[in-house]
Amino acid sequence: MKEFIQQQIDAFKENNKNKGRLLISCPDQPGIVSTVSEFLFKHGANIMESNQYSTNPESGMFFIRIEFSCPNMRSIEPSLKSHFHTIAEEFSMDFRFAFGYEVKKTAIFVSKELYCLRELLWEWQNGDLMTNIALVVSNHEDARDLVESLGIPFYFIPASKENRADVEEKQLKLLKEYEIDVIVLARYMQILTPTFVEAHPFKIINIHHSFLPAFVGARPYERAYARGVKLIGATSHYVTNDLDEGPIIEQDIMRVDHRDHVLALKKIGRLVERSVLARSVKWHLEDRIIVHENKTIVF
Amino acid sequence: MKEFIQQQIDAFKENNKNKGRLLISCPDQPGIVSTVSEFLFKHGANIMESNQYSTNPESGMFFIRIEFSCPNMRSIEPSLKSHFHTIAEEFSMDFRFAFGYEVKKTAIFVSKELYCLRELLWEWQNGDLMTNIALVVSNHEDARDLVESLGIPFYFIPASKENRADVEEKQLKLLKEYEIDVIVLARYMQILTPTFVEAHPFKIINIHHSFLPAFVGARPYERAYARGVKLIGATSHYVTNDLDEGPIIEQDIMRVDHRDHVLALKKIGRLVERSVLARSVKWHLEDRIIVHENKTIVF
Amino acid sequence: MKEFIQQQIDAFKENNKNKGRLLISCPDQPGIVSTVSEFLFKHGANIMESNQYSTNPESGMFFIRIEFSCPNMRSIEPSLKSHFHTIAEEFSMDFRFAFGYEVKKTAIFVSKELYCLRELLWEWQNGDLMTNIALVVSNHEDARDLVESLGIPFYFIPASKENRADVEEKQLKLLKEYEIDVIVLARYMQILTPTFVEAHPFKIINIHHSFLPAFVGARPYERAYARGVKLIGATSHYVTNDLDEGPIIEQDIMRVDHRDHVLALKKIGRLVERSVLARSVKWHLEDRIIVHENKTIVF
Amino acid sequence: MKEFIQQQIDAFKENNKNKGRLLISCPDQPGIVSTVSEFLFKHGANIMESNQYSTNPESGMFFIRIEFSCPNMRSIEPSLKSHFHTIAEEFSMDFRFAFGYEVKKTAIFVSKELYCLRELLWEWQNGDLMTNIALVVSNHEDARDLVESLGIPFYFIPASKENRADVEEKQLKLLKEYEIDVIVLARYMQILTPTFVEAHPFKIINIHHSFLPAFVGARPYERAYARGVKLIGATSHYVTNDLDEGPIIEQDIMRVDHRDHVLALKKIGRLVERSVLARSVKWHLEDRIIVHENKTIVF
C-alpha cells in the first residue's frame, strides 16, 4: 500500500513541480496587487488563480492567495524568495511561499475512536489528501493494526494527567524527528499543554463534536440531546490555549429529530465530524487558510 | 384581500369537515394503540395517518398523533369526546382532539423588523397557513400599512420596561377579546412577563436569530461574527420563563464565510429566520407538536 | 476482525431477540389498524413504533410498518405467523414479519472503484450496518486485499458482454450457496440480465452517480460538467430491468461551482454516493422500505 | 412606498459613488493581472476585491472580476474607459465597467403565480436588490394590485400563441421606453421568440421549477412525483433559444418524501424557486456572472 501512496505523492510532485503559491497578509493600501503581480510576471510566473480579501478597503488588512506557475520553478525559487523580501518590507507583509514539489508531513493523533482517522486514511488512499502521513500517535493500541496495515509508523504513548510532561516530551521528539508540518487531532482525547500548542502555531487542527460555540467542552452530544436540538454539528478549528476557542476552519450539521437518542446523535455526528475534519485538513494542505484575529479566511 | 382569505378558510373548513386529529401523551404500556384504534373504529372513524413515539418502550412515555376521518364528524364530536374520557382515565392520558372545521385564531406580535411578519402573511395568502390571523400587535407603527392593507386589525401598543404591566394588560385583553389560540412573536423585541407566558403554555412561538444554544440572548449576529462561525442559524421555540430556553421546535442554518460582515450575516440570517418560523407555525397549526420535558416531538 | 464483527452480530441478535417488525401493504379500509394492533396485543406484543401511510384515504392503498416487542418472541413466532394469515386474507394484505434474532445476509458486488465498498465496510465495522456481509463479488482483483483483510470471502469473476451468461450462473450459484438476502451494487460496472434481476425482486440496491432522472446512463459527471450544473447528486435505487428507472430509495447532492472540472466533480460526487448508498442499505436492512408502483415508501 | 425605495437607491448610489467593477474575459497569457492592476493603480484606483478563473492556465480562457474604489470615480470614468481600450486590444479582451452610481433598470415578467414576484419585491423593499424595478409586465391582471401598491407601473398585455408577434412588439417598445437592463421571468408562462431573446443576450433570467436537466419542459412537479424523487429542485438560467438549455446560474433543492403529493411538491418547490431566483438576480445586479460556452462563472 505504502508504495502506491509514495507513487501518488511522486506523481503529484512531478505534476505540480512548476506550480507555486504565495500567501500574503498586510495592511491594505493601493498598489499591492499591481506590485505583486508585476513581481511575479517579471520572474516569468503566470498567475493561475488569485483570491483576495480586505477587512475594510479604506483602513484595514489585506489578504491574498495566489497560485502561479512557471517553467523551472525550482531554479527560480531562491531568487523569488530573496527578491520578494524588499516588497515584503515596503508593504510590511507577512507572507509565505509554497511549492508544488514540496509535500507537507502530517502527524495524526488519535485515541480509541477511529472514524476520523479512517476518513483521513481513506481520503489519503484516494489521493485526495496530498500529504505524507509520516506517523500516527495514540494513547491507545486500537489504531495500530489499521495504521500499520498501510505501512505507516504507529507510536503508542499511554497518556494521563500525571505523566503529561513526559508524554509531550516523547511526542515533541517524534514530531521533530519526522519534521512534521501539520498535526491533526482526529478525536485525540487528551488536553495539550501551552508548551506543546505554542510550539505549533496554527499547525494543530482539532475536530470538535458540536456546532461551536454551542456545547463547548465535554459530552456535547449528551448536552445536545438534553437541550433537544434539531441539528447536530461539528466544528474543526486550530488549537489555541483557550479550550475550543481557536479559529474555526469549517462547520457543518445534520438534521436529527426526537427519535434520535444520544447514541443515534453520536452515530449521525460521526458522519459530520469526519467530513468536516477531512475538508479542513485538505484546505490546510492546499495553503487555503489564513488566520487573522482568531478567525480564518479560507480562500 | 380579506374576503379572499375568508373564502380560503371556508373552503378549507368545508374540505376538512370530516377530518379530526387526536394527540395523546401517557405512560407507555401494552394495548394503547389497540384500544384507541378500536375506539375510533367503533365510532366509524377511519385512521388516515398515525405517528407514535415512545421514549423508552419498556418503562417510558408514549406519544401518538392520529389523523382520522368520518362522515358527519360534527355530529359525533360530542360522543367522541365524552366516551374517550373513560379510556383517558384508564391509561392516565393527556389528550386533545382537533377538528377540520375548527380553524385556530392567531395573533402576531412584531416590532420594527417586518421580514418574519411578511413571510407569515405571504404563506397565509398562499393558503399555506390555515389559520385566522385575527390581529397584529406591535410596539411600533412600521407594520400598520402592510397589515391593514390585508384587512387585518393592527394594534399599536407602545412598550417599554416602565409600562410593561399596562402594555400586557392591554395585550391580554385583546387576546381574550379575539379568542386567540396561538401567539407568534415575529421578531417582537420585548420581554414577556411570567404572568403573560403562564397564561399561554406552549402557545407562544418565538424565533431566535441564532442556532441555539449558541448565542443565547442579545446581538447574536454580532457575536457570531466575532466568533468567526461558518454557519448562521435560526431557532424557533415555545416561550417559557427561561430566556431562549424553551422547547426547540425547529432549527436551520445557512453557510457564510469570512467576507460576510455583521450586516451580511443579518441579511442571510433573515432568510433562515423566516423559513424556520413559518415551518414551526405551520406544524403548530397542524397539531404536529407535543412538548415533553422541555423538548418537542414533531410528528 | 471477523470475530469482532461476529461478536457484534451476536450481541445485536441477543439485544433484539424480543423485537419484531411487521410490514403490511393492502387496500385501505376502516379497521385495519385496530385489527392489527389488537392481534399483536392478544399475542402479548407491545407496539414500540408504528408508521403508516395511505396513498388516498378514501379509496387507495394502505401501508404500515410496526415495531413490536414481546418476551419469548422466538416461541410465539410460529403462532404469530400462522394466525396472521386469517387477517391477511380478510384485508387482502401483502405482509412480512422480521425478527431481531434474524440477521440478513448481504452480498456486495464491486468493480474497480472501491470507495462505496469502503464506506459499507466502514459502517459495518462500526456496527452501523447490522448484517452478515457474506461475500464480495468482483470482476476485478482490486478489492481482494481489503475484503480478505476483514475475513470476508472474495470471489473474482471476470465479466464481459460475451460471457455474461456464465458469469451470472456462477454468481447465482454463490448467492444461493450463501443464502443471500440482499445484493448491493457498490459501483459494479456490469449490466445484469433480466433473469438475474427477476430472481431478486427489490433485493438489489444500486448507486447511480447522478441526481436521477438527470443524466440517466453512462458518464454522468462528464455530462453534468458539460451542462454546467451547480449541484452534483447521487441516487440509490432498486434495480429493475429498466436501466436507472427502478424505485428511488434515496438522493442527495453537494454544491459545486465553475472551478470544479470533471475530476473534481467525481471526487465530490464520491462523498455523496457513499453516504447515499450507506443510508439506503441501512434502511433496507431495517425493513423501512416498501415499494409501490415503482416508488419507495421509506418509514 | 416608492419614495422610500427611491431614497434607498439614492443612498446606495451615494455610498457607492466611488466604487467600480471591471469584468474581463480573454485568452489566458502571462501578464494580464499585472497589466490590469497597474492600469488601475495609475488611475488612482484601489483594488478592493478581485476574483479570477482560468479554464486552463496553459492554453485556455482567463476571467476576472475586480471591485475597485477611487475618489471622484465619476470624473475619471471617461479616461478609464478610453485608456483601457489599448489594453483590451493588446489582450483581445471582452470587458465591461460598472459604476456604483449607476443602478440597473429591471423589468419583471409574471403570469398568474405571484410567489416569485413577491420574493423579488420583498428583497427589493429590504434593500437587498439594488435595482430600479421600472415596470412589471403580465399576461394576467393578478399582480396589478400588489405591483401598483408599491408605485410600480403595471402593464397588462394578454398573450397567446396567436398574437405573440403583437405582444412582443408591445413588450419590446416598453423595454426600450424604460431603458431596461435586465428582464426577470418570475414564472412568466409564455415562450419568447428568437427575436425577443436575441435582442437581450444573457439579460433575461428565468426560473425553472426543477433541478435541470431533470424534467426539462412542462409540468416538472407532476413528473417528479411520478418518478418518486426524494429531492425537489429549482434552476435559474439565462434564457437562450433552446428551451431550458440556457446557462445555469444557480440551483438548489429541498427534501421531500412519499407523503408529498403533487400539490405538496409545488408548495415546497415554491420556497426553492423564489430563493434561487432572488439569489440569481442579486448576482446579476452585482455583475458577478460571466457566461462562457453556455456555462456561468459566478464570482
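Think of it as A, B, C and D in the order they're written, each chain with its own count starting at 1.
Following the convention adopted for this analysis, a contact is a pair of C-beta atoms (placed from the backbone, for glycine too) under 8 Å apart; a residue touches a chain by one contact, two chains touch by 3 or more.
Given the structure is predicted, the values throughout are model-derived calculations rather than measurements.
When the CA atoms of chain A are superposed on chain D, the rotation angle comes to 180 degrees (nearest 5).
Set against the C-alpha centre of chain B, every other chain centre is closer than that of A.
Chain geometry summary: the mean Cα position of chain B and that of chain C are 37 Å apart. Taking each chain's centre as the mean of its C-alpha atoms, chain A lies 43 Å from chain B.
For chain B, residues touching at least two other chains, in rising order: 53. Looking at the complex, you find that chain B touches chain A at residues 53, 211-215, 227-231, 233, 247-253, 257-259, 294-298. Residues 115, 118, 122, 126, 128, 149, 267, 270-271, 275 of chain B are the ones touching chain D in the complex. Note for the complex: chain C touches chain B at residues 28-34, 37-38, 40-41, 44-54, 57, 69.
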